[in-house]
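One chain, chain A, links the two complexes that follow: it is found with chain B in the first and with chain C in the second.
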Partner chain A sequence: MKEATRQKLTTYSVVSGPFLWTIIFLFIPYMVMFTYSFYLKKFPTFVPAFEFVNYITIVTDPQYFQVLFRTAKIAIIVALSSLLIAYPLSYVLVFKIQSKQLRTALYMAVIVPLWVSYLLRAYTWKTILGSEGVLNSFLVWSGFLDAPTDIFLYNQFSMVVTLTYIFVPFMVMPIYMALEKIPRSMIEASKDLGVGPIRTFLNVTLPLSMPGVIAGATFTICLTFGDFVAAFLVGGPNGAMIATIIQSQFGAALNWPLGAALSIVMLVIVLTIISLSDRLERAGRIDLD
Partner chain B sequence: MATRRSYSRVQENVGDSLLSLLAAGALAFLYIPVVVLIIFSFNDNRSLTLPLRGFTWKWYEAFLNNSDMLQAIANSLYVAAMATAITLVIGTAAAFALDRYAFPGKTVFRRLILLPIALPGIITGISMLNMFKLMGINLSLETVILGHATGLVSIVVTQVYARLQRFNRRIEEASSDLGARPWQTFFYVTLPNIRSAMIGSALLSFTVSFDEIPVTFFLTGRDNTLPMYIYSTLRRGITPEINAVGTVIVVLSLGLIFLSVYLLHKSDKE
Partner chain C sequence: MTNIIEIQNVSKTYPGAIRAVDDLSLNVKEGEFVTFLGPSGCGKTTTLRMIAGFEMPTAGRIYLAGEDVTDLPPYERKVNTVFQDYALFPHMSIRENVGYGLKVAGMPKSEIAPAVEETLSTVGLLDKADARPGNLSGGQKQRVALARALVRKPKVLLLDEPLSALDAKLREAMQVELKHLHQKLGITFVFVTHDQKEALVMSDRVIVMERGNIVQSGTPDELYDHPASPYVADFIGNSNRLYGKVVAADTDQVEVQVGPHKIRSTPGQSRFSVNEDVLVTIRPEKVRILNQGEDPGDCFTLTGKVQDILFHGSSCRVEVEIEPGTLFDVDVQLALALNASNLPASGDDVVLAMNSEIVSVFRLSEDTVR
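Right, the complex of A and B next:
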């Protein structure tokens, strides 16, 4: 066999498997979903068509706009509260903990829950916040409350707490990386010039860590957009998220074409957020070299 | 000048303690729910309320006697093992394809294969559900396996690709100069160098697949995986039995993840 033919054959055998896989299980499914979004609902399934009815419904029916708006609102609040928790934590880990081993261990302790059962992490908040839950019984037991209250669970508050809890590691990761990259010499230079710690933080550390903040916000917002598990467990009657609505189109509501159209809308929103943050990050990047 | 410096020292000390307090609070926020889950799995009371009533193993006995739950665990293990095996083969091949071969459509291929990491799982689940429906394929544990493998392949690709990028190709050339056949070079030189990255990402894929909900929800037929079983029992309310099985899952996942992070970390250093 000639060397060139052999090389071609190796390339072909290595590349073809994953290439076919992505075509069959990624490209075609997205295309099918896109096609279905133009179909029409006809009980019990749907019929092929090329109509914009589903998209028009999404735009004109205020119900969908409201859910989208609520999802966006919760996503932004979740991103902000994750930031408030993750930033000080990452800052302390990077700048205040001297021992490298302790720092790595604590960082792992923050990141590891990220891979542990998503369902169980959401579920624990149901057991904590419920009217017969841990928090309520603690408050009654310790005498803060006379009777259990149901204000903690099944509302947007419990949604925000649960989603923040689940997604905080996604915020810590990029901020920690960004802070770790800042040369200590820059911060010392600022101090040597007589600038106080707060102004050093605002003028040096914070701007240099912005790419991490943007990446973390992107993760948390996109993930919140796709969540239906937390909404199911701790969201109340007005806790429905866009993913909940999509999920019901493939279940109880049985309107696949509308569900496909809503999925396409979600896909476009998520991809837009990702490319916007990419651009923002690139524009805000400060070259340290 | 001296007063100003001491003032700023005080400011820094106060700031430091405040920051440490916030950081400790954040860590507590992350771990208190897990601790609550574990404590209540041993609490001798059907309702999850304080004060604690005493120690019991009965919730563990209950889940070990629950045949539906055991079947669900078996299903989950089957799905996670198969999905991990497939994703490891496809992901490693894809990482090689991206690292060292030129072929038409490479940019699109890279974007597509990494897409599931950026997109919510629900999109992967629904798009594959739509395709299976179109092709007339009935939903089963096998369709779940295909869904998981597709969703997880990006984990393997990113880790193995990163390892390959740092890999010194001269070693392979040396091996071939010394007369090794390509397959010998691959098995004796290349593979040992990327092994820890492969095992690390495989363990990670296994844990994620075992706990997966968004894709499974849309692709499973009559058989339930463990998370789907838990999800459906939660409709009927919460029980300490869930805490018991949850504790087992959390402890096992933590073990697997620490192992995988350790291996990936080690592969970073090599």
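Right, the complex of A and C next:
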């Protein structure tokens, strides 16, 4: 066998595994879903067709539009509140904590919850925010409230709290990396040029850490968009997210074609967000070497 | 001339009790080009960073132009730094980098633009004003860093090993350029380097540092010709190191017995006593190989056998065995040697002549090199 042929065969054999995996378990299911989205519902199943009815329903029926809008709103609020927690935390970790061991330990403390079951972490908030929960017990005990209240749970607030808690590591990680990559000399150079700490942060540190912020926002928004467990556990009647609706279309509502169409819409939205963020990041890409 | 920098008994101790700078005092005159020279860990960079304000001294005071700046943050000091890695802002153009300090200070745009352009043309980079740092070569980045520091018209320019990332040719060119820039601008330069050649070429005064303190401070030729310790002799240039015993000592001359040879040293050597063990250092290029039958004149002589001749380009190093097991290096400038056509060959017996003024003698206790 010729050397070139052998090399080619090696390359094919290495690549073919992942390639086949992607085809069979990602591409084909997406295509199936895409096909279903044009089918028609006919109780109790559905019939093959090529109609845009499902998409038209999504656009015209305010119910779906509202859920999409709510999902987007919650995703953005979750991203913002994650940012408000993650940025100061990462900043303190990178710039204010001198001891390397302590810094690594605190960073790990942020990451470690990712190893705990997602369900468990979402469920925790039910026990904290519930009417018999930790928060209520504390407020009653301290005399702030006369009786337990149910305003903390089963609404959009509890969903934002839960989702922020769950996704904050995905915001911390890229911001921490971005801040850590900034050479200390660059911050010193700014101060050396007569610029105080606040303006140094606004003019140098913040712009140089933007790639991390964009990556973190993309993670949290996309993850929130696809979440239905938090909605299910702590969301309540007004907490339905797009993923909740899709799940019910494939389940109780037994309307696979509409569910497929909703999935495709969601996929398009998420892909749009990712490509936008990729473009943003590329435009602001900074060579830190 | 007045002192622009006064450092009084400054110490810097890092957590873990690492004493980077130990009770250092120093004055720098206005307009001087001073270089801190020493190996890594000698405290030179820490001293510079304390002048800039990036490190706070554990003890002692620092004055800039008569004002006590010890407790001032870097952004309130009238000094600017050129960083080793240049530290240019990657998200700003060259023009924005240079104008950054002025803009934040609130200078009107109409004044920033000419100031930036003037400084950029001083360093010869006006045509790159709108480029990003990522698109510049190392030498160009170096010039931008310089322009950015100079545009604020600092009283003192601090340079932290700014040339160490450049290749040898460019580094030599930048050394000359920095020296000219210093002469042209007339502001004080404080330069940090571990490269002794760089220090000798550029500086008005070189401060050799070791373990957080000053070992010797003087003009490049003072340091070279009269090193204060074996450490300085070893760090700057090359030296032959010979161990011997003092056989005669009077007010201004000592005589040291090294094997079968007697070595004389003249100026200010009254501190030694007879029978003391000493270290003698002699620069290899200050020694002459005598022609056959030539009269040494005022010089004293050593005899030996040539072991090897090493070609160094513009010069040749002749290794002479002056006693069994002891090699003595002599550097011969080839231009001179070829004219006289007196380069010896391996195995020749030679007579080495040297003036007693170029010989330095040290107590063994002063020898921190070994």
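Keep this in mind: the second predicted complex is superposed on the first by the 271 of 289 C-alpha atoms of A that agree within 3 Å, B and C clash if a C-alpha of one lies under 4 Å from a C-alpha of the other, contacts with A are read in each partner's own complex, and residues count from 1 in each chain.
By our rule, contacts are C-beta pairs under 8 Å (C-beta built on N, C-alpha and C of every residue); 3 or more make two chains touch, one makes a residue touch a chain.
None of these values were measured; they are calculated from a predicted model.
A.B. asks: Identify the partner contact of A:Pro183: answer first if only chain B is touched, second if only chain C is, both if each is, neither if none is.
C.D. replies: A:Pro183 sits against chain C, while chain B stays out of touch.
A.B. asks: In this superposition, which partner touches a larger number of chain A residues, chain B or chain C?
C.D. replies: Of chain B and chain C, the partner in contact with more residues of chain A is B.
A.B. asks: Tell me which partner A:Gly196 touches in the superposition: chain B (first), chain C (second), both or neither.
C.D. replies: After superposition on chain A, A:Gly196 lies in contact with both partners, chain B and chain C.
A.B. asks: Look at A:Val92 in the shared chain and tell me whether it touches chain B only, chain C only, both, or neither; answer first, second, both or neither.
C.D. replies: A:Val92 contacts chain B only, not chain C.
A.B. asks: Quick check on the superposed pair: does A:Phe228 touch chain B, chain C, both, or neither? Answer first, second, both or neither.
C.D. replies: first
A.B. asks: Thinking of the overlay built on chain A, is A:Pro207 touched by chain B (first), by chain C (second), by both, or by neither?
C.D. replies: Second partner only.
A.B. asks: Taking the two structures together, which residues of chain A meet both chain B and chain C?
C.D. replies: 196
A.B. asks: Considering only the defined contacts, which chain A positions touch chain B in the complex?
C.D. replies: 10-11, 14-15, 17-19, 21-22, 25-30, 32-33, 36, 85-86, 88-89, 91-93, 96, 106, 108-113, 115-121, 123-128, 130, 132-134, 136-138, 141, 165, 168-169, 196-198, 222-223, 225-229, 232-233, 243, 246-247, 250, 256, 259-260, 263, 266-267, 270-271, 274
A.B. asks: For chain A, which residues count as touching chain C in their complex?
C.D. replies: 98, 183, 185-186, 188-196, 199, 203-204, 207-208, 284, 286-289
A.B. asks: Would you mind writing out the residues of chain B in touch with chain A in their complex?
C.D. replies: Those residues of chain B that touch chain A are 8, 11-12, 15-16, 19-20, 22-23, 25-27, 29-31, 33-34, 36-37, 40, 47-51, 89-91, 93-94, 96-97, 101-103, 105, 109, 112-113, 115-116, 118-124, 126-131, 133-134, 146, 149-150, 153, 182, 204, 207-208, 211, 213-214, 217-218, 227, 230-231, 234, 238, 242-243, 246, 249-250, 253-254, 257-258, 261.
A.B. asks: Any idea which chain C residues touch chain A in the complex?
C.D. replies: The contact residues of chain C facing chain A are 15, 52-54, 73-76, 79-81, 83-85, 87-91, 100-101, 104-105, 133-134, 148-149, 152.
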